[in-house]
């Protein structure tokens, strides 16, 4: 339990003729947060998707707790939360229902935990409205509530502050700080810098 | 702030059967079992379909329309229609279930649900199975229940109707399963409906053959157990292989 | 370990040169066998006592029908190898197979229809073999359609690979169900495109044609494979070396 670490060795990824990832390597241990920066098309999303083992790199490997993630994909995915560009929510379900199904597929959640998570992201007032009636920022907040509920050691976040107001951005920073304090790890692709309250961020710059 | 998160962690531990010594960032002892996950995936699809009913209504309306084409294009005489009824009923069911495949994965692929399923740590095969089961409940079963109406309009005797319901119900299980493979394979494709038909229909022909035969026997009062058993065999084969293939195809579409 | 030969075999530059070197070894015997088989079948073999000279189309029809299935099986095996071990060259083989197989299937359908005219008095009869062949053509078209629809080569490889494997599981089921269907509806007096009782002088050319078609397939496959490898590796440095050499 204490040897939780993520090691990334020399990732090379091709998309057609494009050499997207050119030898990306880094290691992350408990409590660390890696901020991946770079212009559009530099492969930030591809890196996150390769780390999550959705994409197969042509070369290199990803190790979780010293073991190739492909050796036990289910265990790795059980320890991982991935948030993509769009919050994975259904417009025809309320925020609360969305969380119950999305998170419930992975772990048992009690209604108190659900309430607390919705409260945490400031969704208490509108959590029973259908998601299609919510603003983009509100949807993002629902996704963050899901992240808090998952309680997993590794977060992969793709532009987590998109569409969020200043308060929402601070919420992201608080969640990341909390995750680190618990000994969790975060890899996040960012376009805008994360709030300054986050310290000791490690950086990885990808070039287009 | 951090107190709130700790409270979440506490209540998680309390509501779960997990031991309270669990560290929040440790391995997930409160992990949902694969059956719970499948049940939730199924419940989610059913609830969504009842919120937005086009998935329920459109295939049925389409089935009724296809059935109506034949009296208008062949003859209104029931004796002649009765002869072609098995073909009409099954070609209609095949096309309607093909149409319904559009609803199976499209929205989930678009909003990232499939991605979350693939990264859930749960067996994607089981989740695909659950989704296909929901799809059958939402389209196959209603089609089977509507087949008697279509049959009556084609001059099928009332005694044949139970046999027809059973054969369409069993056959549509196989159709949903075969279709799930095609729908998953065409996930990355724009304007995929023609391609989906080209992939799915040849694989569905055995279902059409056995199903139409069962219907024919039901109408003529013959023993229809043999073709229904063959349909069931196809359904069982589909149950064992199709969710695997669909899960592989979904993963490929996410690469 | 034993894997080294495997990976050497799977490397595109190696395959490219190997395919070039092997092609004549299949092409020439194929040509000789087909010419000899045709001569034996069309000239030397005696006319059939029932069908006269009409039966001679079997020398093209039967090998085409045989190849249509064999190519599909080859394609599915190559696709499965590519899926399981993630070998790109195996996917290139599968992709190269499809148009060849579809052509053989088409040839089998056309020759079957031409044969049907003197036998049944109609170009198309819902004979179980012809019907299965027609469905097989649709399977090929679906495979090629899926490949064409997916822009990313890797995704096209893997998705179409799953389809080929699913298809090959279904081919026997389809064949069985079509035979079953036909046995219910067809009057037993109607003549089928069945294997006629065959004399040795008829059989030997047929076997030569079968072997010739198989070698012909391998030769064409090797040529297509080279094209496929070239187009996939168009940005790799070894291509420039090969082309400028």
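Chains here go by letter, A, B and C, matching the order in which they are written, and residues are numbered from 1 within each.
The criterion applied here is as follows: a contact is a pair of C-beta atoms (placed from the backbone, for glycine too) under 8 Å apart; a residue touches a chain by one contact, two chains touch by 3 or more.
Keep in mind it's a predicted model, so treat the numbers as computed, not measured.
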Chain nearest the overall C-alpha centroid of the shown protein atoms: B
Most widely separated chain from chain C, with each centre as the mean of CA atoms: A
Mean-CA-position distance for chain C and chain B (Å): 34
Centroid distance [mean C-alpha coordinates] between chain C and chain A, Å: 48
Chain A: positions in contact with at least two other chains: 56
Multi-partner residues of chain C (at least 2 other chains): 152
Residues of chain B engaged with two or more neighbouring chains: 255
Sites on chain A touched by chain C in the complex: 15-17, 56
Footprint of chain C on chain B - complex, ascending: 181, 185-186, 188-189, 192, 195, 198-199, 201-203, 205-206, 209-210, 213, 230, 234, 237, 241, 245, 248-249, 252-253, 255
In the complex with chain A, residue positions of chain C that touch it: 86, 152-153, 234-235
Contact set on chain C toward chain B in their complex: 83, 135, 138-139, 141-142, 145-146, 149-150, 152, 154-155, 158-159, 162-163, 165-167, 169-170, 173-174, 176-178, 180-181, 184
Chain A partner contacts - residues on chain B that touch it in the complex: 1-2, 4-5, 7-9, 11-12, 14-16, 23-28, 30-32, 36-37, 40-41, 43-44, 47-48, 51-52, 107, 111-113, 115-123, 127, 251, 254-255
